[in-house]
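Paired with chain B in one complex and with chain C in the other, chain A is shared by the two complexes that follow.
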Partner chain A sequence: MIGEFIDGPLWYISSIVFVVAVVWRIIVILSFGRKKNLAKPRYSAGGGAMATILRRFFPYREFYEVSKFRIVAGYMFHIGLFALLFFAVPHIEFITSISGLSWAAMPHWAFILAAELSFFGLMYLFVFRLTNPVTRMLTTRGEYLGSVLVFVVMLTGCLALGRSHEFLRLFHLLSVELLLLYMPFSSLMHAFTFPFSRGFTGAVYHRRGLNI
Partner chain B sequence: MNHQAFPQCHLLRWIPPVLLLLAVMLFAGSPALAQAPQKLSPDAVSMEDPGSELWRQIRQRGTSEPVGTSQVRSVESGVLINDLGERWAEFRMQELKHWGKYPLLLVIVILVVFYLLRGRVDIEGGLSGRMLHRFTHYERALHWVMASIFLFLGVTGLILLFGRSSLIPVFGKEVFSILASLSKEGHNLFGPLFAVSVVLMFFQFVRRNIYAKGDLSWLLKGGGFIGKGHVTGGFFNMGEKTWYWIFILVGAAVSISGMILLFPNFGQGRVIMGLSHVVHGIGSIVLMTIAIGHMYLGSIGSEGSLEAMKTGYVDYNWAAAHHDRWARECKDNNAVISPEQFAALIGEEPPRVSTGKPAVEVKS
Partner chain C sequence: MAIDMNMFHGFIGQLGQLGKMAQPTDYPDDERVTRAKDVFGNRIGAEQAGDMEACVHCGLCAEACHFRVMTGNPKYTPARKFELIRRYYRREKGPFKWLYQLFTRDITAQDLMDWQELVYDSCTTCGRCSMICPMGINIAELVTITRAGLANAGLIPADLRAVQQEQQAYGTVFGAGPDALKLAVERMAEQGVEIPLDKDKADYLVITSVIDILLFNDTLMGTARVFNKLGLDWTIHTCAFEGANFGMLAGASTTQEKASLAIIDQAVKIGASAVIVPECGHAYPALRWAGANIYGQRLPFDVFTISELLAIQLKQGNLKLKQNPDLNITYHDPCKVGRYSGVIDEPRSVLQALGGRFTETPAHGKMNWCCGGGAGVFVINSATELRRKAFDKKIEEVDQTGADTVVMACGSCRMNFLRGSVDAKWDKNIVSMVAMVSENLA
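Now for the complex of A and B:
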């Protein structure tokens, strides 16, 4: 009964809420607009936007020295999660079953490596949030909830790796559905909004002649 | 010759030796024969089991080298029956599962009794409110990540080792099956992370855990938990150093043996796998047993200890009581901060001062 609900209606509801809310939020961000800047641009705004989107993948040297573990952990988590999400065999099979699309999956050892990196990175960052007074003060309850949800999704997915019990698969799917319902309304939206945020900053400053 | 009678006659010829064999087997199990040397009847027929030598060779008693040959080119492909496998299974099912639970139960009972009798070990002079910086953010984050992984591996490992006998009667087979499946997957997944944690812990803390002059007196006074009197200690006292080295060495053994079990595709045979399992099981129980004591002392067992891993700072009086040499060093370097400075650093209210007494002076 509950299994059918998780597999059926809840999956469709959470997927629709996720897609509609993400698109809606991006449209809202793009439709904000800003007053037309009449000053003569020193450099191209578009070039600055692209440069900043790419440059922000590399930390400033000054910041790196004091926060290298967090930066490394951040990359471990994000790259690992990306690999798990899009290149794990069960996920590709699932996407194929609902859309017909398919692509090459990563081998099992790569899956394990990605999961290890991702878990270690997430756990380190989560503990750092809790133990550092500055990050603890800045972190909201919603961000803790987002981190916990992502962790639970990853954990239940890996615990169901043996595909031995329907219960474990449903547990994983339920956690994914909760994440889909929560993600568009939380700071986890940065997965979609980071190019806009970086691009906007880069465009504004590059237009003024600043490289940041 | 009657075609029907021949097979019957053939079978009848086997009846006496079979009966004889049964009689010998029955008498062999009798107490009388077990005590007295066996005397065969003069009429007894001496028969050698034609299969015994074959099975002796297949089981390879007394040798670990494969004696068979096979077209399959893989590890131990020339071995049909590995006698050590049976001994490993017996060890796991009977000895490890039976004796393994006692250290864990014993340490819990000892700590409960100790807590009831002695209670929490309070700081001499109470909390002063003056603080010393003890652990960096990285060290605390590493500690808690490692602790989380350790606890997860401990729980899943216990489910895998003792679950069949202890959980099935409570939850039933279906629930245990799910628990065992997720425990196996989770244990295999987080195992390598524990190995990484052990390596990182080693490099981060090794310099401060080298035994030094004065550590032995800590041991002679039972770490301050037995009797009265001040115990001396540096940044880490002897108990903490010993726990560190046990954790590193046994943790390395558990990690390496776990890797051998997790990745069976590197040419290791069943003998090495069996031995690795033994090392993994015993080492894990040793680690868990001591870790329970560590958790007790780091939390409810000793006033002020948990602060070190929560905020990174400890009360000066706590340091003077447990790590007097380090406290003196900090004082000499003017590294003692006021409650207000501490509150500003961690963004919270000034720390609780239990007695309002000034900080305990550390003897030079």
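Now for the complex of A and C:
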């Protein structure tokens, strides 16, 4: 009964809420518009936007020394999560079942590596948030909740990998559905909003002659 | 031309009395909040919304801020400085405002007062935090808007407010009006340097700043020497000479507009092809980047900061410099000219043309550490200790170059360097770029 609910209505509800809320959030951001800048530009705004969106995947050398562990942990978590999400066999099978699309999955050893990287990265960043005076001051309960939800999703995903028990799969799916319901309302939305902040700032600076 | 240190100390002493001259700007608490929100609401566009939506509180910006790094106090973390406007945005403008109104409290007059220190005393809007932010958030812009909100709520710090109010009422800064300019010009004429005042027509309208008139005469004189040597058709106008814009610094838009329009209108009137902005960091973006938006159309003239003009003239072969092998210098990038406005290579090309030893600080160009005095912080007395600590970072940086002279192209930076060096008993020469160039004209 609960399994049918998780597999059926809750999946559809959470997916719809996710899509609608993400789209709504982006529409509202863009709806505020940009004031026309009349100053004579040095360089194009568009070029700067694209450059900064890509450039910010890599930190500046000047800041590496003071933030290297966080940077490395961030890479581990994000790259690991990306690999798990899009290249784990069950995920590809799931996407194929609903869309017909398919692509090559990563081997089991790569799954284990990606999982270890992302778990370690997430846990490091979580502990850092709790113990560093700056992040402890800044971090909201919502952000802790987001981290916990992602952790639970990853953990249940690993538990369900062997497909030994149906309830493990359902447990994983339930945690994903909770994450889908929560994500659009939280700072986890940076997964979708980062191109806007990077792009806008890159455009502003490039107009003034600087590639950032 | 050396700086008269007695004059300097007298000037600093006067800065200490500024707050007493400020007119009160008291409003009932509710009105303060409403006035701040009016500004927040009007100034938040897609760029700011995108920024506020993207912050994940990673705290990396804390590593880029001189006030946070040098005090060790987490409250000065740049991301915290825009939390007030972010709270307003989420509750009253954002996509899920109905939700945030359930879980977050409204901003209060006390919040606005608490943020005064965060956005005025401990932020020079230098923008270094945006260089480290993985989301690329333009934090300085959010702080600037918060300043504007506080300004509209009557919460500009008294020292800064006194200068802004003076500029609003009389168009002058620190009491230096046309008479002070004429006196400075006469003094320079006695030393053989002519400054053409109030020409009806000229190719170049040169503006200056109160600091150069009252204190750093070598900068104004150096500018005149360079222009005269180049044989340019230029003038300074007694009715539009002040480049410093305390409206911009304080967040008071009416004062900012008035100060900028005075220059723009005069430049149009005399048919100038370019306005040359002096060694005053914020005066350049005030005109170069904000000017057209205030004027309502693209400016019918170019705007160059003095270091830009020097580089152009050097490249064109018009500016000839003597090689000076004894120089042992480094350059301090004023935030508003360098990181904010992209004028980074130009001053270096000029300084390297002087010969001698030029050494960069470890962080330079767009990564440069601010001196701690920008965006009006140099006149805010409650920021004295913060400013001093922030300047220690600059000392660390410069000391690593082994240079005996720090060159800069910003009067506020120079003022802050001089104050900092006196306090720290730091024995570097702190010189104006255009003054140094003028002493080495071939």
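Keep this in mind: the second predicted complex is superposed on the first by the 212 of 212 C-alpha atoms of A that agree within 3 Å, B and C clash if a C-alpha of one lies under 4 Å from a C-alpha of the other, contacts with A are read in each partner's own complex, and residues count from 1 in each chain.
The working rule: a residue touches a chain if its C-beta (ideal position, glycine included) is under 8 Å from a C-beta of that chain, and two chains touch if they have at least 3 such contacts.
Note that the structure is predicted; figures quoted are calculated from it, not measured.
Superposition of the two structures on chain A shows chain C fitting alongside chain B with no clash. In the superposition on chain A, contact of A:S15 is made with neither chain B nor chain C.
When the two structures are aligned on the shared chain, A:V134 is found in touch with chain B and with chain C. Legend: residue contacts after superposition of the two complexes on their common chain; A:T193 is shown touching chain C, with no touch to chain B. Look at A:T52: by the touch rule set out above, it reaches chain C but stays clear of chain B. By the document's definition of touching, of the two partners only chain B reaches A:M123; chain C does not. Judged by the number of chain A residues each one touches, C leads among chain B and chain C. Applying the stated contact rule after C-alpha superposition, one finds that A:F69 touches chain B and leaves chain C untouched.
When the shared chain is aligned, chain B comes close enough to touch A:F167, but chain C does not. Taking the two complexes aligned on chain A, the least Cα distance separating chain B from chain C is 6 Å.
Across the superposed pair, chain B and chain C both touch chain A at residues 132-134, 136-137.
Those residues of chain C that touch chain A in the complex are listed here as 44-51, 53-60, 62-64, 68, 74-75, 77, 79-80, 93-96, 99, 130-138, 141, 288-293, 295-299, 302, 339-344, 363, 366-367. Interface residues of chain B facing chain A in the complex, by the touch rule stated above, are 137-138, 140-142, 144-145, 148-149, 177-178, 181-182, 184-186, 189-190, 192-193, 196, 310-312, 345-348. Interface residues of chain A, counted against chain B in their complex, comprise 69, 112, 115-116, 119-120, 123-124, 127-128, 130-134, 136-137, 155, 158-162, 164-165, 167-168.
Per the touch definition, chain A reaches chain C in the complex via residues 21, 24-25, 27-35, 37-40, 42, 52-53, 56, 59-60, 62-63, 66-67, 70, 74, 129, 132-140, 143, 185, 187, 189-190, 193-194, 196-202, 204-205, 208-210, 212.
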